[in-house]
Amino acid sequence: MKKEVMTVVKNVEIADKLYLLVLSGASYLAPGQFLQIKVPEYTLRRPFCAADYDEKNDFLSIIYKVVGGGTKAMTKFEVGQKIDVLNCLGNGFDLSKTKKPLLIGGGVGIVPLFYLAKELKKQGHEIISVLGYPCKDQCFFLEEFSKLGKVYISTDDGSLGVKGNVLDILKTEDIEYDEFFACGPPIMLKALSSWNSNGQVSLESKMGCGFGACMGCSIKTTKGYKRVCKEGPVFKIDEVIFE
Amino acid sequence: MKKEVMTVVKNVEIADKLYLLVLSGASYLAPGQFLQIKVPEYTLRRPFCAADYDEKNDFLSIIYKVVGGGTKAMTKFEVGQKIDVLNCLGNGFDLSKTKKPLLIGGGVGIVPLFYLAKELKKQGHEIISVLGYPCKDQCFFLEEFSKLGKVYISTDDGSLGVKGNVLDILKTEDIEYDEFFACGPPIMLKALSSWNSNGQVSLESKMGCGFGACMGCSIKTTKGYKRVCKEGPVFKIDEVIFE
Amino acid sequence: MKKDTQVKLFGKILDNPIIPASGTFGFGYGFADYYDINVLGSIALKGTTLNERYGNPLERVCDCPCGMLNAIGLQNPGIDVVLNEELPKLKKVYSKPVILNIGGHSFDEYIEVASRVGGNPQILCIELNISCPNVKEGGMQFGLDEHLASKLVGEIKKVSKKPVLVKLSPNVTDIVKMAKAVENAGADGISLINTLVGMRIDLNTAKPVISVKTAGYSGRGIFPVALRMVYQVYEAVNIPVVGMGGVSNAFEVIEMMLAGASAVMVGTENLLNPFASKEIIEELPLAMEELNIDSLSEIIGKSHRV
Amino acid sequence: MKKDTQVKLFGKILDNPIIPASGTFGFGYGFADYYDINVLGSIALKGTTLNERYGNPLERVCDCPCGMLNAIGLQNPGIDVVLNEELPKLKKVYSKPVILNIGGHSFDEYIEVASRVGGNPQILCIELNISCPNVKEGGMQFGLDEHLASKLVGEIKKVSKKPVLVKLSPNVTDIVKMAKAVENAGADGISLINTLVGMRIDLNTAKPVISVKTAGYSGRGIFPVALRMVYQVYEAVNIPVVGMGGVSNAFEVIEMMLAGASAVMVGTENLLNPFASKEIIEELPLAMEELNIDSLSEIIGKSHRV
């Protein structure tokens, strides 16, 4: 955990209600780690995964979807504005064991996978991604993922790729991998968990603090209660007890 | 009452804990009228008299003393910062009857008298001022008042002018006038009221709104209850019931 | 799409649910200098007692980081002046019926005030303030004791020609018990919340800022408590609930209505921004659009049904 | 001039009055990764029950404009793990005695927990939480009823080898009555306030945000209510009062102490800014300088004496 003042470099709408926010002055954080952003007029910080990190410029990118008051207020962040951030939170993905990774993302859950993919690529891995979007207009990072490796796409309305969700792809395509890395809506993760148990998932939960103090984010796992913000947000999928 | 966004042009310490704040984008307000400034992190606005108004530039000046959290926060106002202000509040001084005015001010109460003096001068009056300060270091607007006319000075510690307060001057000097215009601490105004009853006083009171809605500022007068923010802040001294 | 902001209160249609709260809007006409107040759903007038009152000594307001304290102590010109002078002045600039808020120090005073109101068509209902924390000799006592409260409401119902909206105090262990008590005593509606009892101390003098020490805390900081009480009371009674407490924007109005409010009063926010009530009314259709709401009256109490 | 920030609690000298509040600081050692926590006057540990508890289902925290809601429901590993694992971990990074906060669902559970504490020298006192609004089967009930409360305190006093600080709920009509009841039952000190009961509704789903609907409201928005209660309770009892509720800076610490607090707990602010308690401790001497205060212990309750 690092408390940092970052500066807004860019804050633009990249798809309907989907924004790219680039911040400078950020310490390195690992793929799967997250940050907690203080939004003016709001009390609790808002958590976001790193979508990308550029070590040369200390640039940290996040992609956020406007879903309520806090994210709506974030769209007002202006270039040059100083932002109060808790950085380097959570555990991040464990990249030490995989030989042949598979990335599986749904909706905004695709965000942390991009940074993860870049890091895996750097380590010499081949990148295969299965990405589910609501519709064509909501697709983001498509080109970027394609540059890194093979991409399978599904959309809820069939406007791009397979009509359906990532499970529909996984069940029909015969993709070779040893460990998957997934992030997406709870319903997708739950479905994944009954499909295959060798993978890591990044979870979400409303957060009081983001650094382990309040127990606001705890989930039940096969190894006891764990805090999404501290022991997570990345868990082995077979440990998570999905409700 | 006008709700206006003003811009900070200047915010400098002119004596210990005494600041000059110049704001642009202000509508004309009459001498004795006041404004209500929204200070970030504080809920209720803070009331201040106009110390000067420059019609050419729409510049409004106030002089404020740091006495608590709100005024301390105001010292952080930066040049260029936008400030949310309610302007043109209260009644202002009635200049229509005096032929030979006398200005009597104590401490920060001297602030509105400067703007009043300039206006009276413009209307062709001779300006005589009796000003009481805590000490020499806290004197402000001295040169400015001197340029406008004759000035009598007292300080509590005798470091400049007469040692004592404005009453000590009024009782010893034989100053000719028909109506006085006074502003200062309650104790001074009360003393003034038993000394002479032909004058106007500008009063202070903690304010909930500043425009007559909450009854937070009401005082008792010989003509019933009156709101300092609406029927005042300037009252005929013989109407005010000093507690 | 056209958004329907109308709501019904005591059989009367209000153009929108926004009503400036008692004590934060004077007798209304003062605000007509700033905007056309006919946009308002209704107006709750300053608490009125039998005789003229000055209220508590100064200081009687004070700042808090998330709101304010007040201990005005019901300054008002007395019921006769309100009926004969203030209401006619208001009528010139506001064409809709208004809410007459009444305060008192004894059964007799409340009853006398309520009976003088009569059938005045300019009055939508009386709002019985049994929750003012700022009057020594009674006021809130009625709002803290269910037996006193229901006795008072019963008496008022006997003399009032107008619907009786009973304004509850949040400073109780069990708000539902209070609400049920006044409903059983014949209340036509319940408004809540009045202020929470709070305090501030001046660091320079070490004395309480407010002359009478404790005072009523209002403003944004009380919203979660107000919302909870509106939710609980809506669930427990069968009469309309008027919600208030810390409402500062259109989204919070909608939240209050989801919890069960038939109409929403805006208080402290009018003091901070004289245009607040008007601006909230203007924002309402936009907020409804954003949240896919077509009709406000349909969402009243919706959070109990989903 | 050197500023004296020491205060005394139950005969022990604290270097300063700042104590992170229960539930906002875990079992303390987590914060040692961020700063040397030995600067803290003491630490109040997360509420501990007899057995391990998960607490309420998610969501159990929620944002409010002036604070937050929580309905954790006392997640903790149970008293034995706290005594045998958590306290030793804390001892490695914090050398001073701490406050063990205990919660429960029945007389028997509270009593059993209190008796297991024993004479452990790492423990300054137990804090008896009879005010948790987030536990269905008891918790706050004890804090809303003076008879239950005093009966419980009496039983705990019989088994506890440590001073008993009783933590009161603000959700009552008469806080002074509660305070006197627990004082008479033998409480060694009173801490207040716990959270106010509040609620938020999700505008998108129209459902309460928190799984169990209502939750505890804490943070800056509750400061004026907390200060008022500390003031009133200090006036009514002869045992030390520990103040908390919405404290976010050194000036508010001083305000709490003027009202009567012997020590001040900082809660929600630790969650918003992990360095909050440390920063407040650092600001204290500067604030004292500005306000001409030489010794903090001398200003406790000063507003009652001026």
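Labels for the chains are A, B, C and D, by order of writing; each one numbers its residues from 1.
One rule holds in what follows: a contact is a pair of C-beta atoms (placed from the backbone, for glycine too) under 8 Å apart; a residue touches a chain by one contact, two chains touch by 3 or more.
In this text the structure is predicted, and so the values were computed from the model without any measurement.
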Starting at chain A, fewest touch steps before arriving at chain B: 3
Are the chains other than chain C still all joined, and if not, how do they split up? A, D | B
Going by average Cα coordinates, which chain is farthest removed from chain D? B
Where chain B and chain D are represented by their mean Cα positions, the distance between them in whole Å: 46
Using mean CA coordinates as chain centres, what's the chain A-chain D distance in Å? 36
For chain D, what residues touch not just one other chain but two or more? 64-67, 203-204, 220, 251
Could you pull out the residues of chain B that touch at least 2 other chains? none
Quick check of your reading of the touch definition: is the inter-chain graph here a line, ring, star, complete or other? line
Contacting chain pairs - touch in the sense defined above: A-D, B-C, C-D
Residues of chain D defined as touching chain A within the complex: 23-26, 30-31, 33-34, 46, 54-55, 57-68, 70, 72, 75, 203-204, 209, 219-220, 268, 270-275
Which of the residues in chain D end up touching chain C in this complex? 64-67, 69, 144, 171-173, 196-201, 203-208, 213-214, 217, 220-225, 227-228, 231-232, 246, 248, 251, 254-255, 258-259, 291, 299, 302-303, 306
For a test of understanding, state which residues of chain A touch chain D in their complex under the given definition. 1, 3, 38, 41-45, 67-68, 70, 86, 205-209, 211-220, 225, 230, 243
